[in-house]
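Each structure below appears as C-alpha cells.
Paired with subunit B in one complex and with subunit C in the other, subunit A is shared by the two complexes that follow.
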Partner chain A sequence: MQEITIDWIEPLWYGSIFLGSGGGGKSELLASVLYKALQNRSIPLLTLDELPENNFFCGVGLLGSPELSEESLPSGMEARIIIEELEKHTGAKFKGISIVEGAGVNIFYPLLTALQTGLPVTDGDAMGRAFPELQMTTYHLENLTVTPLVLIDSNYNLHLFLDKQDTFLLELNTRQIISQQGGVGYFAGFPYPGSVLKRVLLPGTLTFAREIGECFLQADNYRELFSLLLEVTSNSFYGPVVEIFQGTVTNISTYEITKWKAATLISPKGEKLQLLFQYENLLAFKNGNMVASVPDLISAIDLNKLKPVNNNEIYEGQQLALLGLPAPLRLRISKALDVVGPQCFGYRTIYVPLEKLYWDYYHKKEVFS
Partner chain B sequence: MRKAFIDSFIDSLKETFGVVTNLPEKCFSFISLPKTGYRVWAPPCTPTCPEGTACPYELILSFKLEEDIFVVALPKNIDRDLKLTPAFLVKFLLTVLEMLYIPEQKSDNLLIAEALQFLANQFNIEFFLFDNKGQLILSQTHSPIQLSTFTLWEKVSQTGEPEGFIKTRWGNFYYRIFTKDGITTGSIVWKTEPTKQEENKFLFHDDSFFTIPGKNPRFLEIKDLVRQIAVTDSTVLLQGESGTGKELFARYIHYLSPRKNHPFIAINCAAIPDNLLESELFGYEDGSFTGARRGGKPGKFELANGGTIFLDEIGDMPLQLQAKLLRVLENRQVERIGATVSRPIDVRIIAATNKDLKELIDAKLFREDLFFRLNVFPVFIPPLRERRDDIPLLLDFYLKNVCLEQDKPFKVFSPEAIQILQNYNWPGNIRELKNVVTYAVSICKGDKIILHYLPKYLQNGFSSSKSQFGEVKTTHPIIQVDQLKDQLEILLAKYGNSTQSKKLIAQELGISLATLYRWLRKYHLR
Partner chain C sequence: MKLTLGIFLNGQSGTLIAGSGKYLLYEGKFSWQTFLDELEHCLSILGLSRKDVIKVYFTPPLSSSAKSDIKPIFHLRLVPEQFSAFFTQSQNLQKLVTIFQVTPEKLLQKLEENKEQIKKANVISIIAPFGLVYPEKEDKAIRILKKLASATILKSQDYPQLGFYEREKALLIADNFMVTVYPYLKQLRDFFAPYPPGIYWVENEAVCLTEDFLPQTCGKIYEFAPLLQIARGAAVLFGYRYSLALFKVGSTFKLFQVQNSLEVSELSPPFSFISASSVQPLLASLKYRLPENVQGIIPIFNFSSYYFSDSYPYRFYQLAFSKLLRYIGFLTAPAVLTSLTICKQEELYENKKNLLKNLHLINKKHNFLEKPVVFYQETPIRYLTFNHTILKVGLKESSSLQL
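Let's turn to the complex of A and B:
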C-alpha cells in the first residue's frame, strides 16, 4: 500500500491541472491546505487490486463553482457530515473514500476528506479527467446508480437523493439546488464495495497525475517537458501525448447567455487554431479542420512558465502549447460516447480519436509488434 | 503421369506468364545446365555472350526434374499487359519452385528460403517472409519499417485469399500464402515498388517515440538497465522465452543508441538453412557459387555497417559459423565467402536466445568463447506470467491498437475476461496475448469483450473453475505449472493427438511446434 505524503502535493497539483483538460477548477488553495495538513501525516492510497472486496467506499467531491469554493474553503468537516448521513441511509460503514473526478479540485477534495475521516483513498477514479456533469462517469457504463447521494450546500443544508433515479435527472436536480444555494456544494454518494469499484474505476489515476506533474517539475525546457510527458503517457492507460498547436492567444470570446466559449490562437506561421470549451476544452479546429475532440484530453501549457494552465487562467497574448492526450479506452467506447462525446456538449461533430487524426504520428514508429 | 504433370506445368507457365520454353541452341553454349535442382540466370548469362544486354530474356530458369532438364525463359517484352516487375518475378519464381518441388516433397521452408535467397541476391526487392504464426523469418528492406510487420502479416492473413494485393499506409504489397495439405505454412509479402525517400523523412524526426508497455517493478528495472546499456556500444545478449519481445528490446536499444539513424538489421539464425545463413550473414564475392549475383553480395553484417545487427536465436547457429562470428566479434572485420580480403565493419551486435546457452555449451553445441564474447551485457526478459500486474495494461495497449488497425470502434474487456486473462499462464507470452486480443476484436460485435469472445481454450480451462466477479479472491496467481499441464490436456482433448493437431495447438498458444513437444514430454502427455 502506498501513502500520499507531502511530496505528492506539488506534482499532483500540476497533474490535476493537466488532467483537468482546461477545467476541473483551480486547485491551488486546496492543494496548499493539504500541503500544510500533510506536514506530519499521510493518507493511505489503495490501488484497485488492494481494495477489500466487501468494504464499502463512498465517492466525494465538489459540485458547482470551484471559484466560489475558494472564497470559503471547505474544511473537510462538511464531508464528515455528509458521509455520516450517507451511512445512516445506506446502513453501510464506509471504510474508504473513492474518487469520482480525478482532476482539478476533485482530486484534492477527497484527500482532504480522507484526512478528516482517517480513511484511505482509491488510486482510481470514475472520469479519468475532468467532466462537468454527474452522469459522465464510468458508473454509467456499468449501469450503476449514483444514489443514494447526500449533498450539502454552502449554508450547510443537507439535501438527500435516496431513491434510484436517472443520473441525468439527478444532475439537473443537484445543479438546481447548488445554483439556488450559493453556487457550490459537496456530495457523498456512489456507495459501493471494493468488489464493484475494482471493475468500475479507471486504475491508477492519482499516481498517473503525480507522474504527469513530475514531468513539469523535472523539465527545464519545453522540448524536455514534451519528451518526459510522452514517455509517461505512452506507458499508461491513456496513450502517447501529441502536440496539437503552439501559438499565441489572440482572442477569447464568451457568449453570455450560453456556456459556449471559444479561444483563438495564432501560430508564428500564421496558422489559426480555435479552441472550443465550456468548462473543459472540448474541441479544437486548426485552419478549420478538427484536430481534437472530447473525451480525448486537450490540455494547455503556458510556454513561458512551462506549467499547465486552466481555462480561467488563459489571457490574450499568452503563449500556449496545446497537447492532446488520448482518453482511457473505457471513455471511448460507444456507450461512453453517449455521455461524454462531443454531441453531449451540444456540438454536432462526432468524436474522432487522436490516433486517427494524427495517424502518421501515432504509427510512424513500430511499437511493440 | 509425370509427363502429363510436366506438360500441364509448362502450359500453365506459358499461359500465366507468357514464358518461352525453347531457347535458341546458341544459348546453351553459354549456360551450364544444373545437375540437380535448379539454376537461374539474369541475362547476360556470361560476359562472353555476344547478345549482351540485347538478350531478349529477362530471366532464364533451368531445372532438373528426375531425369529431364527443362528450360524456361521470361521474355523482356511480353506481348501482354503483364509488366516484368521484380514483384512479378517473385511470383513467377515461386510458382515454378512450388510446382517443381511438389513431386519431390521438399520442405516448404527450404523452398521458400531458397527462392528468396535468390531474389534477394538478384533484385532489390523489399520483402518479408513469415512463418505460419506471423513471426518474421527473413526480411529485406531498404528503409525503416513504418508499420509493424505483424500488422502486415495480419492484413495478409485476413484477406482469406491465397495470393493477391494489399494496400497499407506504407505502400502496396503483393502477397502469397503457402499451404501444404490445407495448412498454412508461411507467407511472403513483397513491395510492389521501392519506398520513396520522402516517405521516410519524418521517421528520424526528433519527436518519434517508442513504447514498451509495462509498469511491473522488475520490468521497469530491466528497461532502466537497457536504457543505460543502449548508449554504450557493448554487445548485448537478450535472453527470454519466445514471445517475450526480445526483438522489440533489440530495436529499443538501437533506437536509444547513437546508431539510431543507421540500419537495424535483424536475422533469425534458426529460420534460415545452415548453408544459406553463412552467405546471408557474411555475403559473398562474385562467382562464389551457382546462382550467385554478379558483383557479389554484401552480407547482413556489411549492411548493418554503422548500425546494429540483431542475431535472433543465436543458440541455433551452426558451430562452424560460430567460429566465424567469433572472429567478427574479435576483429570487427568480415570476410565475404570467396573473398581474399576482409572488410572492416562498425556494427553493434545484439544477440538473443530462448535457450540456455550454458546447457548448449555443456552439450558442445555452443562455443564457450563465443558465449563470453556475447555475454557482455546479459539481459533477462521475464515471461509474462512473472509480470501479471502488467496484463491489464498490455491488454489495453493492444486492444487500442488492434481496434485502430482494424478500423473498428473501441472495445473494452469485461472485468471477468480480464480476470481470466490475468490468471492465465501465457506460455506464448506477449505474442500469444496479442493473438488473443486480435481474435477477440475480430469476432466481438459489441463494445465489450466478454468471456464468450475469448478463444475457446481460455473459456474452457478457466471460466468453469472461477466464481463470478465480485466473489473472486485476489490471492496470488495460480501456480503456473499445473495450469499449463491442464491447458495442454484441454487442447489435446479439443484438437486430438495428430501432428496436424499439434501444429494447431502450437499456433493457438503462439509457440513453436518444438516448444510444444518439449512441454508435452515434460508433462508426459505424449
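Let's turn to the complex of A and C:
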C-alpha cells in the first residue's frame, strides 16, 4: 500500500490542473491546508487491486464553484457530517474514500476528507479528467446511481437524496440548492463496495496526476516537458499526448450566455486556432478545421512559466501551448459520448478522436517507442 | 528634477526619503507634529520646489502605537452560524483590531451589546462571505452601524477579491491605512496644493490612491513588500536589467526575478520550495526558460546567508539587508492603475470599455503613466443565483527605468 505524503502535493497540484483540461478549478488555500496537515502525517492510498471486495467506500467531492470554495473554506467538520449521515442512511460503515473527479480541486478535497477521517483513499476516479456534471462519470456507464447522496451547503444545511433517481435530474436539483446557498457545497455519495469500484473506477489516476505533475517539476524547457509528458502518457491508459498548437492568445470573447467562451490564438507562422471552452476546454479549431474535441483532454501550458493553466488564467498576449491527451477508452464509447460528447455541451458537432485527427502522428510515427 | 518622496510610518514617528531615478537624495526622521517641517526641510536642502515632487509613496508595514486599550478598528464579520473563520493577521494588526463575528439574525442584539466599543472606533469594517450573506443584509448592518457611530465604514462589497481571507486581509490593511496614513494625506494635499502629486501605495507596484484604488490591490503581498523592494533596489543600484534575488523567510526560500530593472515577480513554487537543496534544481530549470533578451551572466543577489556556488549563467552576490536597497527599490516602484468590478456577463464588454476609458481619463488628469499598457483579467463566478464576473482592467507603465 502506498502513502500520500507531503511530497505529493506539489506534483499533484500541477497534475490536477493539467487533467482539469482548463477547468476543474484550483484552490491554493485548500492545497496549502493539506500541505500543512501532511507535515508529519500521511494518507493511505489503495490501488484498485488492493480494494477489499466487501468494504464500502464513499465518494466525496466539492460541488459548485471552486472559486467560491475560497470564500467559505471547508472546515473539515462538513466531511464528517456528510459521511456519518450517509452511513446512517445506508447502514454501511465506510472503510475508505473514493475520488469522483480526479482533477482540479476535487483531487484535493477527498484527500482532506481522508486525512480528517483517517480513512484510506482510492487510486482511481470516475471521470479521468474534469467534467462539470454528476452524470459525466463511469458510474453512469455501468448504470449505477449516484444516490444515496448527502449534500451539505455552505450554511451547513443537509440535503438528502436517498431514493434512486435519474442522475440528470439529481444534477439539476443539487445545482439549484448550491446556487441558492453560497455557490459551493460538499457531497458524499456513490456508496459502493470495493468489488464494484474495481469495475467502475479508472485505475491509477491519482498516481497518474502525480506523474504528470512531476514532468512539470522536472522539465527545464518546453521540448523536455513535452518528451516527459509523452513518456508518461504513452505508458498510461490515456495514450500519447499530442501538441495541438503553439501560439499567442490574441482575443478572448465571451458570448451572452455566460458559459460560452472562445479564445483565439495565433502562431508565429500566422496559423489561427480557436479554442472553445465553457468551464473546461471543449473544442479546438485550427484554421477552421476541428483539431480536438471533448472528451479528449485539451490542456493549456503557459510557455513562459512552463506550467499548466486554467481557463480563467488565460489573458491576451499570453504564449500558450495546447496539448491534447486522448481520453480513456471508456469515455469514448457511445454510451459515454451520450453524456460527455461535444453535443452535451451544446455544440453541433460530433466527437472525433485525436488518433483520427492526428493519424500520421499516432500511426506512422513511433510515439510509443 | 522629478522627485519621488517615500514615507515609512512607524507609530508616532516616521522616515521621509526622497529620490530621483536610482539616486537617493534625502533621508530624515519626523513625528506627526514635525511632518510638514521635515518635508519643507527636504525640499529646501535639495533646492527644489513643490512642483518638482511628482509622486509620494507609502509602504508597509503600517504600525500604529495604540497607547490606550481602545482599539481603533472595529471589524465586523457577518457570517452564517457554522462559518469557519480564523484570524491570521500580524501581531501588529492584532493590537489595533477588535474582531466581532455575528450571524445576520443576531446582528441587532449583538451590536446593541457592544455599542460603546463601536462608538469609540475610528474605522469600522464589515465583511460577509460572498454568496452566503447577500448584500442587502450587509447594507442593513451598515445602516445600523451608521446610526451607532460616526466612524468611517469600509464594506467588503467594495473589495472584489474573491476569497474571504484574501478580502478580509485587504480590508484590514485598508482599515489600518485609514487609521495610520489618512491623517498624513490631508496634510500632504494641503501642502502641495494646488498641484498635489500622485499619492501611491507600494507593496510591489505603486498603486494610485486617487479614486479609491486602494481596495482593489492592497494586502496581497503585504508581508513580502520589503523583500520585493529590496530585490528591485539591488537590481537598480547595481544596474542589471535582469537579475534574481534569493531570500530566506523562516524555513522557506523565496526567489524573485527582476525584469527590466523594475518589474519584480516571484519564481519560487507555491509549496515545496523549502530546503537549500531545492535552490539549485530550481535555478537549473529556470535556465532554459529565461526571457529571450536575457543573455550572459545572470546575477543572483543572495540575501539568504547560505552559500551557493556559481554555475553558468548564474553568479551569486552575497548581500546583506540594507536600508539603502529597500529605499531605492521602494522609490523606483513602477506605477499601475487598476480597477476591478463585479459585473454581469452580458455587460462585460461595455464595462471593460467604460473602465478603460475611466482609467485613461484619470491617467491623463493626474499625468501618472507616460506610455500606459492595457491589461485585463476575468474571473467568472459560477453557481450562484446570478452570473457575474470579476473584471480587472488596468494600465501599467510600459518602459523600464530611465536612469
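Following the convention adopted for this analysis, the second predicted complex is superposed on the first by the 362 of 369 C-alpha atoms of A that agree within 3 Å, B and C clash if a C-alpha of one lies under 4 Å from a C-alpha of the other, contacts with A are read in each partner's own complex, and residues count from 1 in each chain.
FYI, a contact is a pair of C-beta atoms (placed from the backbone, for glycine too) under 8 Å apart; a residue touches a chain by one contact, two chains touch by 3 or more.
The model shown is predicted, which means the values in this text are computed figures rather than measured ones.
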item: Fit-or-clash call for subunit B and subunit C when the two complexes are aligned on subunit A; value: fit
item: Contacts of A:330 with subunit B and subunit C, given as first, second, both or neither; value: first
item: Contacts of A:240 with subunit B and subunit C, given as first, second, both or neither; value: first
item: Subunit B versus subunit C as contact partner of A:31, first or second or both or neither; value: second
item: Which of subunit B and subunit C A:203 touches, first, second, both or neither; value: first
item: Arrangement angle, subunit B at one end, subunit C at the other, subunit A at the vertex (C-alpha, nearest 10°); value: 130
item: Which superposed partner A:187 touches (first subunit B, second subunit C, both, neither); value: neither
item: A:156 touches, of subunit B and subunit C: first, second, both or neither?; value: second
item: Partner with the higher number of touched subunit A residues, subunit C or subunit B; value: C
item: Nearest-approach distance, in Å, of subunit C Cα atoms to those of subunit B in the combined model; value: 18
item: Subunit A - residues contacting subunit C, complex; value: 6-7, 9-10, 13, 28-29, 31-32, 35, 64-65, 67-68, 70-75, 77, 154-156, 175, 178-184, 217-222, 224, 252, 254, 256, 258, 279, 304-306, 312, 315-317
item: In the complex, subunit B residues that touch subunit A; value: 144-151, 169, 202-203, 205, 207-215, 245, 248, 251, 255, 389, 392-393, 396-401, 404, 409-412, 415, 430, 447-448, 469-471, 473-474
item: List of subunit A residues in touch with subunit B within their complex; value: 49, 53, 195-196, 198-199, 203, 226-227, 230-231, 234-237, 239-240, 243, 326, 328-330, 332-335, 353, 355-356, 359-369
item: Subunit C - residues contacting subunit A, complex; value: 80-84, 129-132, 162-166, 269-272, 284-285, 287-289, 291, 345-346, 348-349, 375-385, 387, 389
